[in-house]
Amino acid sequence: MTTTTKHDRLETSSRGGGQAVPARSAKLPFLASANTRKLGLTVLGWTVALLIFFPIFWMVLTGFKTESAAIADPSLIFSPTLESYQAVQERAGYTRFALNSVAVAFGSTLLALLIAIPSAYSMAFLPTRRTKGTLLWMLSTKMLPPVGVLVPIYLIFRDVGLLDTRTGLIIIYTLMNLPIVVWMLYTFFKDMPKDILEAGRMDGATTFQEVCFLLLPLTLPGIASTGLLSVILSWNEAFWSLNLTSSKAAPLTAYIASFSSPEGLFWAKLSAASTMAIAPILVFGWLTQKQMVRGLTFGAVK
Amino acid sequence: MNKTRASGRTVGGLRTLSLQAPAVTLLLLWMIVPLGMTLWFSFQRYNLLMPEMTGFAGLENYEYLFTDPALWSAMGTTLLLVGWVLAITVVGGTLLAVLFQQEFAGRGIARVLAISPFFVMPTVSALVWKNMMMHPSNGVLSWVAESFGLPAVDWFSSLPLTSIIIIVAWQWLPFALLILLTAMQSLDEDQVEAARMDGAGPVAIFFFITLPHLKRAISVVIMIEMIFLLTIFAEIFVTTSGGPGLATTNLAYLIYIRALLDFDVGTASAGGVIAIVLANIVAIFLVRMVAKNLED
Amino acid sequence: MATLQLKQITKSFGDTDVIKGVDLEVNDREFVVFVGPSGCGKSTLMRMIAGLESATSGDILIDGARMNEVGPADRGLAMVFQSYALYPHMTVEGNMGFSMRLAGVPKEARREKVLEAAKILQLEPLLDRKPKALSGGQRQRVAIGRAIVRNPSIFLFDEPLSNLDAALRVQMRIELARLHEELDATMIYVTHDQIEAMTMADKIVVLHDGVVEQVGSPMELYHHPCNRFVAGFIGSPKMNFLDVDLVQSGPEGVRIRLPGGEACTVPVDGSRLAADSPLELGIRPEHLQLDDQGPLAGEIKVLERLGGQTSLYVQMGEAMVTLMTDGDVAHRVHDKVRFGFAPGRAHLFDAETQALPSLHQHPLAGLTRHDNRLSSTSGCQ
């Protein structure tokens, strides 16, 4: 910001050098050179955005290189190849890891939505004196650091045979995301005009019909973004997946982590695998960025 | 009359209860059982490698932990990591939010690119940085340094913690940006225009209008990041494994080492209790703030 | 045939009593308007009739049957909400047919019914549109159409015109009156706007702080308000109130001394007045006339010319008095004026703000719009 300003000031003074007290009367000085200002902002904005995005861009690029090109001096010019993608696909594991990720992320999201919808409904439409307290308590469970309960969860899972199973991860992720899902649904339900539900009741809808015909269709965008956020969080979760799975149920986070061993220096393959692992989530994230803020900040930022 | 009222409330209450029961019960179990067990184990002699050693340990585990220099080093590392990442993401996020709030060509796409790292899974971002950005011989950064005639840096052996901070900050900067940008959009344009009429320049507007407006959002960003940053794990796991030595071992990683590598359940649990206490100190403030927001 | 009776209805939210014992009788095919300032409980009362809110105590009877425990859809009512509450994801046809869809009515029968209602409201060309694509007035008509389709015995309207602009409001007012005529149904209408109440009602119920202040025909409320609240609430601009001294009271009239010293006799029954009890004179702005010989005098502070009429705001000692006069008055601000009134137009309120009963019933007070329907009004207690 400050740099833009300086930049702009310089521009302004160099342009309007002749007039001593130039733009103020017409418009404020920093608006005087609107075009220059816009050009400067465009250059600056895009530079910053591309710098931040660069590692992802580079990773995607590397995925289309051969292994030898990948470790050669950085270069934008190379002959693209799908070699690494094929290699990754063929490497026995990849599909299984990807399937694990899909099963765990979507399974836990579905489960969380199923449990959360009745709860959020009652909080939004049948509030009691305890509702607020319950909601805050749910949020506070989200703030429990996973590392604090790693030991007992590990031991319980070991004893009941949930270690390295998809079910185990689904349970953990459902519980992990439940507070956020309840919270987001609650805020979306709360935004729904009560009148419409009452009109439905006047029209003879039962509670179940009210939910199915009115509430769910009308809050579908909200429910979808809640679901997507839950999928994103489960998909990217690395603490539990690294600690509770080894080979059978390991999702992509754990699979990618296996590239960290020194002998696994296959950058092109790592890049190809990573690109495939993050591509769907990036798209989900872009789609829901606005509504996500609600869930990520528990409604404290609007 | 009183009777009707009372029974009406009970019926409504029952309905609410039955609808909320699944979520509440599950979360209650999720919270109480592991928490109770962690607390219980932290007072027990319990090492999976030494099954014959059992029984009540009193404060032994805590004593052992607190006299272990590794704990203090891990605490220091945790604080440095949290502190630096917070400083970078909050200051950077605010500036970026102001930048991306301005109108310029292709702003929408630029915004999307800038928030993308937040959606990249931690193991991927850590490995991409480790292998492709910070690699001492083949990384982009060393290539850039060399093309300016500077010596290449071996990031993970000479600046291990800095490297981790850079990676984590890269992931969380977009988070701060996303939240602050959203908060910025609720800033009343009229207020800015009124300030302009009063003769405020862009810098004055930033400090007297924008920043106060963002105060609340900034504190939310700080608190949420704190809770997550206190237990950063995957980034360390795939890059340095806590090393060299203990240079990048934070509290979360230390507990992992004690529990799953040393199988010392008792000490690991004591560490877990400390992590919970630390997170709760932050959480109290955050929950209070959310509660206040629920009122309006 | 649809009548509604409320017997000693009360409603409390926690410790707050919102409705404090309301008795009311609504006759068949009557247009009843609940009017009162915001927070008076009029919407709560309507929501209790609709079944969206339960009464804390008392009975709600529709056609003589107790309805307290009957669900909102089974009371034979339809409601038009202030926000219209249209289902945004359904077309106009879907909105109007939703209740029949829930009731399992086959598609063709549904369509027929919807078309019939759409015809009454001139909605036929809009049936396939979503509410988003409609104007405010059109949405309003769809909401009414949704109610008509249900063929209710009683229509409930909750401030239905408050979201429309002034011109549209006048138009919808006329349309609602026409609809009442055409459907020949009982209608209950909630508003805070006394003009809507005056123009549409057969019977107005004035509510204030959860209590019915007066029930009566528009002309009755205008000419014979029971108390100071009703007197001040009905009529625009607001009635003027002046403190006056009692000279002599009796069943044949009350003699008072006006500010400025002159005395006059107001034809109201003052038999229940004690000597030297404080009195307040109420006189509507349109009943004050400029008159060089008039008993009252003051200085014009503000003058609003509306064209046909001119409002004068006159400072009279401490009090500010409003006069509604002819548009051709040539006075200017700061002119000193004298004015007076016909004693028969004046109202007197006692220390409890109750009106003293007028000796002469206004000829229009008992009149309803439909002379074949006798509106049972309660008069003053």
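Worth a mention:
The letters A, B and C name the chains in turn, as written, and every chain counts its residues from 1.
The rule we apply is simple: a contact is a pair of C-beta atoms (placed from the backbone, for glycine too) under 8 Å apart; a residue touches a chain by one contact, two chains touch by 3 or more.
The model shown is predicted, which means the values in this text are computed figures rather than measured ones.
Counted by C-beta pairs in contact, the busier of A-C and A-B is A-B.
Farthest from subunit B, judged by the mean position of CA atoms in each chain, is C.
Averaging Cα coordinates per chain and for the whole protein, the chain whose average falls nearest the overall one is A.
Centroids of subunit B and subunit C (each the mean of its C-alpha atoms) stand 59 Å apart.
Taking each chain's centre as the average of its CA atoms, subunit A and subunit C sit 55 Å apart.
Centre-to-centre separation of subunit A and subunit B, using mean CA positions: 15 Å.
For subunit A in complex with subunit B, the touching residues are 1-2, 4-5, 8, 28-30, 38, 41-42, 44-46, 48-50, 52-56, 58-59, 62, 71-74, 115-116, 118-119, 121-123, 126, 128, 131-132, 134-141, 143-156, 174-175, 178-179, 182, 232, 235-236, 238-239, 242-243, 252-254, 256-257, 259-260, 265, 267, 270-271, 274, 277-278, 281-282, 284-286, 289-290, 292-293, 296-302. Of all residues in subunit C, only 50-52, 71-74, 77-79, 81-89, 98-99, 102-103, 146, 150 touch subunit A in the complex they form. By the touch criterion stated above, subunit A contacts subunit C in their complex at residues 193, 195-196, 198-205, 209, 213-214, 217-218.
By the touch criterion given at the top, residues 12-13, 15-16, 19-20, 22-24, 26-27, 30-31, 33-35, 37-38, 41, 95-96, 98-100, 102-107, 109-133, 138, 140, 143, 170, 173-175, 178-179, 182-183, 186, 196, 201-203, 206, 216-217, 220-221, 224, 227, 230-231, 233-234, 237-239, 251-252, 255-256, 259-260, 265, 268-269, 271-273, 275-276, 278-280, 282-283, 286-287, 289-291, 293-294 of subunit B touch subunit A in their complex.
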